[in-house]
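Note that chain A is present in both complexes that follow, paired respectively with chain B and with chain C.
Presenting the complex of A and B:
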């Protein structure tokens, strides 16, 4: 039994904040990747050709129904064998982005479905080319419905970044573990990491709820 | 991949399924308990259950698992890995599940509750005979999603050296060096488990709907 030591917390704080910065980087880069890739899947799934929708649909289902941690291991251990060597953080961002893109694709799908059919018909009537229909008519209307849901996935991704520590990314959990391994005292580092997660994710989710009320009438 | 390695992976898959079932049982208990508490008349009960939900939704399941496994023993409670995993997954997914329960309870029309009151049902009968049978079918599709999330979450337990699928895959990888093959195989195994879970949940949903006379459309109707 040992007592909580604020001195110890003070000593380890710089390392944990370094970890926090890595965590934030992974979340932001992962989000950008997930937003972009998800849009690709969503648009591909609307393709009239079955040769596009079937493989993309199967890939999306497969990635969504299997654990992110195993996908990370797969990328981390297998990609170098194919001649694609990335650093751990890049591998982690690819994994996060790919995994969450299967969720954002679903969000975009719902957002696109919510655009009234008359908008498509109007675009056809004006004989807008397909690319311009998407960029100028459909997506701008879909986006405002989509923002709050995307935000929720950013928070979810933030809470999943500790998994990157398993592929040696120096995130918060990784730092906490390495501190614990040298001092044999895990209590303070892991507790502080847990508290930091709540301190960041709770206010963010409250903000998102406010945003949601603004955007979706 | 040789015979013994397949046995290793199948054993791991069995532990994964067990871990999922234990955590799901705990999560279901938490979800119903907290979900009901959040519709309580007493503000203090609503407040405390709200704090529970925000706490466990706010933190990361993996950090919680590590805390239970590495930090809790320093307070004098040593948990076996499997129980630390079960507890962390059950408590966090229970928090997500309680939101589903709350939403489904609130979606039952108020007139149903009033009718039960008018027929002088006791609060327990009201819940058991009127509210829950109508709310449960609503809960099934989101519960299915959560169960898949929970299944994926069990992989985290491998980081506590619990011998589930992902952990055994690591051993298999170390002994054969065939990373692509080993991880490819277990990804498919997870996918198969998820597929079976989804089928079972659809069946349960259809049963729950049929029991309150909402027969789903012929052939399952919606997907």
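Presenting the complex of A and C:
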């Protein structure tokens, strides 16, 4: 077994930090996509029309019940054959966003259901238009309740980003792998990747718990 | 109450001529196998204060909810100011009304709820201005001016910038009254508005409502267990039992000398 070399760690750090930046981008952009799409699904699933709820419900179930990696491969290797191709990172963000939107939709649904019926009734009694009721009354109250749960999905997504290396996104794991492939020494790069993950995700989850205590009173 | 001085600034009900404002024709409402309202007929004249009394489950609250379109009748029609509420006339036939029609007729009606139902994410001021701005199209300034007048009326001027949770139940309910009045409805529906309040807070809310009843010409339809309040403000009292009006008349008659034995029983149980 090789001895741990700090010099080697110093040499590979710039590349790994490049990878970290890609990982962070994928997580943040993926989160924005997941938050937005999930909200679209959640509101669509409350539509009075079955022509809306049925296809959206089917899509959400389908995406939630198939593996993220399969979806990434489909987006990256199959769609270009139909003339739809994006760069690796864009594909990764779409994949993460779509996959996690099926979970955030459920979070929103619970948050919306938790808004008391009296709020809808008061909005009706004031004749507030439906869109205004959503934007001004229901969603602001639902958001408070869903922030902690959404935050947990951001952390989960962060930890899922290494899957993007399978579609050639230059994230941390991809960089570590390519370093190892040239030096034949995987111990330092892979270990540093693990440490970088925990250095970011643990404080984030602590922060979320603080936020949760503040928001959900 | 500091209410009287401010009332001149507060126009609550633009047109009152004592004509028929609300009309229920053979309205039936069922919840499952349970018939809550049974072919109910009744009318309320413009400007009148009408109190609905009767045992729980007799359909009083359902009447208010039907008028507020929080529930739809299974049979029969409801008219407000001559307009059908949940129906439209098309080609000489009555058909279920579209959302736009319902919205238009409903604008004439305001409601205060047992549980206040203020918007907890908005300060008191915005609770009151939200609908005037986004439904009536008032400018922010106009809506705030109207809201200030109403906050004075309900005695809460200094609480405009607080969130509802920072207020007592009685104060919240008075904000809810101001919020409903800000839409200048012709009809104000009051659904057991003091039932959720601590006993010592009831009087403040009832005082505000007495002031409004005495000094404005808004039509009030009120479900309450506060019999003294009902006696004070009502022009007419309707006694409900099992989804029907079994007796109606001025409060002196109903409370002192009811015709129906059932009314007598009910009153002796609650008074």
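Heads up, the rule we're going with is that the second predicted complex is superposed on the first by the 217 of 217 C-alpha atoms of A that agree within 3 Å, B and C clash if a C-alpha of one lies under 4 Å from a C-alpha of the other, contacts with A are read in each partner's own complex, and residues count from 1 in each chain.
Keep in mind that, in the parts below, a contact is a pair of C-beta atoms (placed from the backbone, for glycine too) under 8 Å apart; a residue touches a chain by one contact, two chains touch by 3 or more.
Note that the coordinates shown come from a computational prediction; the quantities given were computed from them, not determined experimentally.
J.: With both complexes superposed on chain A, which partner does A:21 reach: first (chain B), second (chain C), both or neither?
T.: Neither: A:21 stays clear of chain B and chain C.
J.: Counting only touches as set out at the top, which of chain B and chain C does A:118 meet: first, second, both, neither?
T.: After superposition on chain A, A:118 lies in contact with chain C alone.
J.: Is A:54 touching the first partner chain B, the second partner chain C, both, or neither of them?
T.: Neither chain B nor chain C is touched by A:54.
J.: Between chain B (first) and chain C (second), which does A:159 come into contact with in this model arrangement: first, second, both, or neither?
T.: Once the two structures are laid over each other on A, A:159 reaches chain B alone.
J.: Is A:128 in contact with chain B, with chain C, with both, or with neither (first, second, both, neither)?
T.: second
J.: Between chain B and chain C, which makes contact with more of the residues in chain A?
T.: Looking at chain A, the partner in contact with more of its residues is B.
J.: Go through the superposed model and pick first if A:137 touches only chain B, second if only chain C, both, or neither.
T.: In the superposition, A:137 touches chain C alone.
J.: Return the residues of chain A at which the contacts from chain B and from chain C coincide.
T.: No residue sits in both footprints.
J.: In their complex, what parts of chain C are in touch with chain A?
T.: Those in contact with chain A are residues 68-70, 103, 106-107, 109-111, 113, 115, 117-122, 130-131, 134-135, 179-180, 183.
J.: In their shared complex, at which residues does chain B touch chain A?
T.: Residues of chain B touching chain A: 54-55, 57-64, 66-67, 70-71, 74-76, 148, 151-156, 158-159, 166, 169-170, 173, 179-180, 183-184, 186-187, 190-191, 194-195.
J.: Note which residues of chain A are touching chain B in the complex, please.
T.: Counting only chain A, the residues touching chain B are 1-2, 62, 65-71, 73-74, 77-78, 81, 159-163, 166, 173, 176-177, 180, 185-187, 190-191, 193-194, 197-198, 201-202, 205.
J.: For chain A, which residues are in contact with chain C within the complex?
T.: Within the complex, chain A touches chain C at residues 116, 118-119, 121-122, 124-129, 132, 136-137, 140-141, 144.
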